[in-house]
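Some structures to go through are shown next.
Presented sequentially are two complexes of chain A, the first with chain B as partner and the second with chain C.
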Partner chain A sequence: MRIGGINLNTIKQWLTNIKNTFSVNSKKEFVDLFIRSLFLITTIISASFIIIIIIFILREGIKPFVTNNDGLGRVNLVRFLMGTTWLEGRAFFSNLYGVGFIVVNTIYIALLSLVIAMPIGVLSALFIAKIAPKRLSKILRTVVELLAAIPSIVYGLFGSGVILVFVYNLGKVFGIQSKGGNSVLATVLVLALMILPTITALSEVAIRSVGKEIEHGSLALGATKTQTNFKVVLTSAKSGIFTAAILGIGRALGEATAVSLVAGNARSGPSFGLFDTTATLTSTMLQGLKETIGLDYDIRFSVGIVLMVVIVLTNAILNFVKRRIGNVNVK
Partner chain B sequence: MKKIILGFTMILILTLAACSNGVNEWDSSSNITVYTRDTSSGTRAGFMGGIGFDEAAEDDSQLVDGFVINDNTGILTSMATDEYGIGYISLSSLDDTVKGLQFDGVDPTIANVVNNTYGLKRPFNYVLRSLDDYENETEKNISLAFIAFMETTDGADIITNEGAIPLESSNTWDDIKANYSVCSQGNSNVTIRFGGSDSIEQIAKALTEAFAPKCGNFIPEHDHTGSSDGFKRTQGSEKDGDNYKHIGFASRPFKDSEDGSQGTQGQLAWDAIVAIVHNDNPVMSVTLEDLRKIYGGQFLTWDELL
Partner chain C sequence: MSMSNKRKRIDLLLQTITYSAAAIAVLILSMIVFFIFRNGAGLLNLDLITSDYHAQFYNGSIGEVNNFSNTDKPDFLTEEDHYSSKWGIALSDEIDKQGGLMIEVTYIADDSPLKEMVDKNNPDNETFSLKQGQVLSTIKFYDKNSALTIYGAEYMINELNEVDTFREIVFSTQGGGIRGSLITTLYVIGMTLVVALPVGIFTAIYLNEFAKKNRVTNALRSMVEMLTGVPSIIFGLMGLAVFVPLTVNYTSANSGNLISGSLTLAVILLPVIIRATEESLKVVPDELRSASLALGANRTQTTFKVVLPSALPSILTGTLLSIGRIIGESAALIFAIGTAVKDDISIFGKSTTLSVQIWSLMTDEPANIELASTIALIILITVLILNLLVKMISSRYMKKFV
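This part shows the complex of A and B:
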């Protein structure tokens, strides 16, 4: 029987299904149902936090574009997304913000640090999983986990104390006057250092879970251990290694404290040179955060929205590529 | 295997040779690398005001290209490595790892700030409500007692601790507390509201933390939103609104439009700023003009300054 295009029978079936889910025949079933409902509630609570955070950031971040900002006028969205200068004019008196160049900087730096960290991470993982003797690999695994647990501010302090000096001296060797070491190179080095443990740990797990049969098969066919490691094991683990890369780049995109200490916080133009100062989305949000008010404060939420969009897009693209490169059935 | 080891050793030797290139001569034809604080920093406003470059206090486009933004400690550590950099920090953070430049020939020391010969400084000022504009006598007396406390040696110690330079003081709080009978009664139902400059926030909080127990445990409420709100919320347009304050602070001299009633405004400290360079840098002293030209981009290499 159809009323208004909706099949009444379907609705009846749907209601009966719900009734059956919640019907209890005994006390045992009631307890069972109660616990399951409890799990549902906790899941809803934890999932709702991400919704709450997104709503909050969206609400604050939209403000500069729709309200009058205490007389400063709306911020132009196109100029904001395409701009090559963070702020033209006096701070607190101007609404000419631009974030475009920072997006380019952020992606450039994240990619560079991935390029440095991936080979080192994957090869270390290969060593730990396949080549090192058992005891050494256990020690190395603990070391890698420890490195992954070091807080980012410690990396930042290490960066500003050691890496800045190193980059400054390196610049001197090449005859380039770098600005006290604050440069793209320093940022990339610090970030590479931070994402290295994540990549190593995840790749190691992926490599270890490659089926022994595949490896034995390759060895039986006459390949050397190294050939097997590179052409068979790594290729089989490529899905897991790609996941490691995704997580690594996620961490690189989101790192704020360590970057703001070594980047130099440039205020204009995408910086591609290795010894130029630079800025990322996170370091821009952090710089001067505690002392600022009004539009200058609200605009940081807008930068936060841009950052979230960048992260979601990067994840989506990388996941798409991951699905395309295929998945060898691992144990 | 042997070839790999040989290759590595060669690279190592080359790197070591490059590193131990010896102490390079300080090259005066190099570019000046300019370090500054963020636009929201009070120290930056004080520095730019002090060198006559007010336009650059909140506007990055006025500065020379290629400047580096860092916080106080960041500039200090960078200057310890960067031989061709120049930056500015609060005088209280100055140490041996960098060289503090003389300003117009005067050494950057606390003594010189207090005797008014060192010029690169800004005043920390306070403003009270008009003496007849308090809700009750208790609030007025506690506010006046707080100002008196600020001007004692106890207050001076706290101010020094927070990195500013207090004015001359001679009494301790114990000497003068007899004049402020409001402090011997219980004041835990009285809230005194402090606001104004956020550069002074730390000092104000330290002062109230020390003073509240000495004055009947009144409740200090802090809401620091900028120097302009100091006068505005005590004697200006917002003095009776929701944001009214009893005592406001400003990290700059009061403007002509901020002329309060007799006896309600004064200075509590100086905040001195010092320009710093690397220890190997031969420059010893700078003038206002020099700094303005360096930060504005008219002097691009160290040659032009020397």
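This part shows the complex of A and C:
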């Protein structure tokens, strides 16, 4: 008897083989087999989520470019990627979405926040690891851990309650009227605060893992303690410090709710002026949440794809740079 | 000599810079804590935690009153509290959270006739009572103009004293509570952990105890690791595209709901739990495993009876950190559940966790920064306690085993 071109006997043979392979002699072995299979299944589920994320976001995100979008017309991919204005579909009855300027804004803001957070973070790490007395460095380490544990929405609240006011008043000093403080500067400051603990904690680990011999060598050659810290310890730890920067910028690129409270939601750009309103990829995705169907819903997934690509590319570039910088005797 | 002096000056400068950098971290933490406390501590009380966010309106009426109150004005009431001994009620002028006028019931006597009113919306129901803390907005009389909020508490009391009955009294609860979000947060923590803990722990055990050390295992592990680099808003999109349709199809839900939110959070937490468990499994010495296997136990028995018990403290700390992460997560849940603050919570319906309620309050016009800060204060305290617990557990564990 044949089913679909396969001999039934072959199937029977397979089944017997399978049965023999997993021959279950006792309850103990059955439990063992059951547990192994169950755990294998959960492992496959855990590992498959990264693929599920990619497939589903691609599937939804491609829709605006390949369908008619209920009469609004196909979104032009080139204009989408290079565009300098963002017009919501429902509100403007248009398909004129452009994320080009938003990508520029996002990277600009992330880099600026890194420029602020890096020196403070690395120097705090140096202080905690090498300079501070034991008790003080223990307290400071706890402070950094607590800062890292504060949820981003709390940073956002702090941003809109304190930093917006500060930026608004600072603008007034320079005679610039900012939109209630919502600006590039406010966003950069909030993000710098948020990535500071990440950078400090990781840099501290990198600094502590610098070999004692290098340090002693430098001191023996007559360098002062401070000279050694700055010229030898920091240089030796640069690979680890670079890793901290990579993680910091990753967090800055992907942060959403805190940014959306202080960015000011600009619809065109890019915004380079510190007191101009701005928009990042994430803050744009948090727009128009009431839509549950249609172009304004799908386009968020397209922005999500762009965000993923930006993060992956930034990581790749920074990792390339890190390899070029090299590694000095760091365990 | 001059060279060495220059060196000293540079060293001093560099040191000062380093000291100030470290001081900044402390300054930031103090500023955040100070800001949250200053704005949030005022509203923090039991009422806030137990009351609804949306004000509930009632229309009460009263028939012929036979027994008026005869309680005198209690001593604890102040000049501001206008008291009617006839009706046994004290009212005072207050400012509501939006900055408008409101008249609050500051005291109601036990023998007040207002304790037994007919609910005009549901006349068949039992009588209900005006309660302390509620807001009186209008009293409609039979033969004169209504007493409205804008005339003030004193006018309302005087008008009440002149009559023996009235047509209708409109009052409401104050609203602005966080009971709904608190319950949602607890539900979400529970459901997320129920899914994420077994899947995460099983995966870690499989990767570390059962799987052969080969390329496939490494690939599976790095696929899990890749999840840590994904921003939470992307997880939110996945929840929206995968878990929301799934729950809408198979449950009574018709939009984002607590189940889809919890499943999304479970995915976010998987790498955290897997890594915490794997690291604790790695610490268990191989001799223990070999000894158990040599005594005739199989892999499963060895894992459950020998390896896992010594990994428990780390799994516990991983769980506590996960709870902190769930409480703090906002971006993913905005997509996977929604942003509508609710008072009646169902796991098949929309609602907000405490973090998402902060976002909703801050994106509303006008933003309610006081209530948002109060919620932030609760979150901050909880996260602080969780982190200190983790520190305590891990230091105790270290002492015992290392």
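Just so we're on the same page, the second predicted complex is superposed on the first by the 279 of 331 C-alpha atoms of A that agree within 3 Å, B and C clash if a C-alpha of one lies under 4 Å from a C-alpha of the other, contacts with A are read in each partner's own complex, and residues count from 1 in each chain.
In the analysis below, a contact is a pair of C-beta atoms (placed from the backbone, for glycine too) under 8 Å apart; a residue touches a chain by one contact, two chains touch by 3 or more.
Nothing here was measured: the structure is a model prediction, and the numbers come from that model.
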Fit-or-clash call for chain B and chain C when the two complexes are aligned on chain A: clash
Partner chain(s) touched by A:M285 [first = chain B, second = chain C, both, neither]: second
Partner chain in contact with A:Q177 - chain B first, chain C second, else both or neither: first
Partner chain(s) touched by A:L261 [first = chain B, second = chain C, both, neither]: both
Which of chain B and chain C A:I45 touches, first, second, both or neither: second
Which of chain B and chain C A:L126 touches, first, second, both or neither: second
Which superposed partner A:S37 touches (first chain B, second chain C, both, neither): neither
Touching partner for A:G161 - first (chain B), second (chain C), both, neither: both
Touched partner set for A:N169, first chain B, second chain C, both or neither: first
More chain A residues in contact [chain B versus chain C]: C
Touching partner for A:L146 - first (chain B), second (chain C), both, neither: second
Segment of chain C that clashes with chain B, given the candidates 62-70, 116-124, 278-286 or 314-322: 116-124
Touching both chain C and chain B, counted on chain A across the two superposed complexes: 160-161, 261, 292
Partner chain B, residues of chain A touching it in the complex: 85-93, 160-161, 164-165, 168-169, 172-173, 177, 179-182, 261, 264-265, 267-268, 276-277, 287-288, 291-293, 296
In the complex, chain B residues that touch chain A: 18-19, 21, 24, 30-31, 33, 35, 38-42, 55, 58-61, 66-70, 74, 77-79, 81-82, 84-85, 198, 225-226
Chain A contact footprint on chain C (complex, rising order): 7, 10-11, 14-15, 17-19, 21-22, 24-26, 28-29, 31-32, 35-36, 39, 198-200, 202-203, 205-207, 210-211, 219-221, 223-224, 226-227, 229-235, 237-238, 241-242, 255, 267, 270, 274, 298-301, 324, 327-331, 334, 338-339, 355, 358-359, 362-363, 367, 369, 372-373, 376, 379-380, 383-384, 386-387, 391
Touching residues on chain A, where the partner in the complex is chain C: 28-29, 31-32, 35-36, 38-40, 42-53, 56-57, 59-60, 119-121, 123-124, 126-128, 131-132, 140, 142-147, 149-158, 160-162, 193, 196-197, 200, 224-227, 229-230, 250, 253-257, 260-261, 282, 285-286, 289, 292, 300-301, 304, 307-308, 311, 315
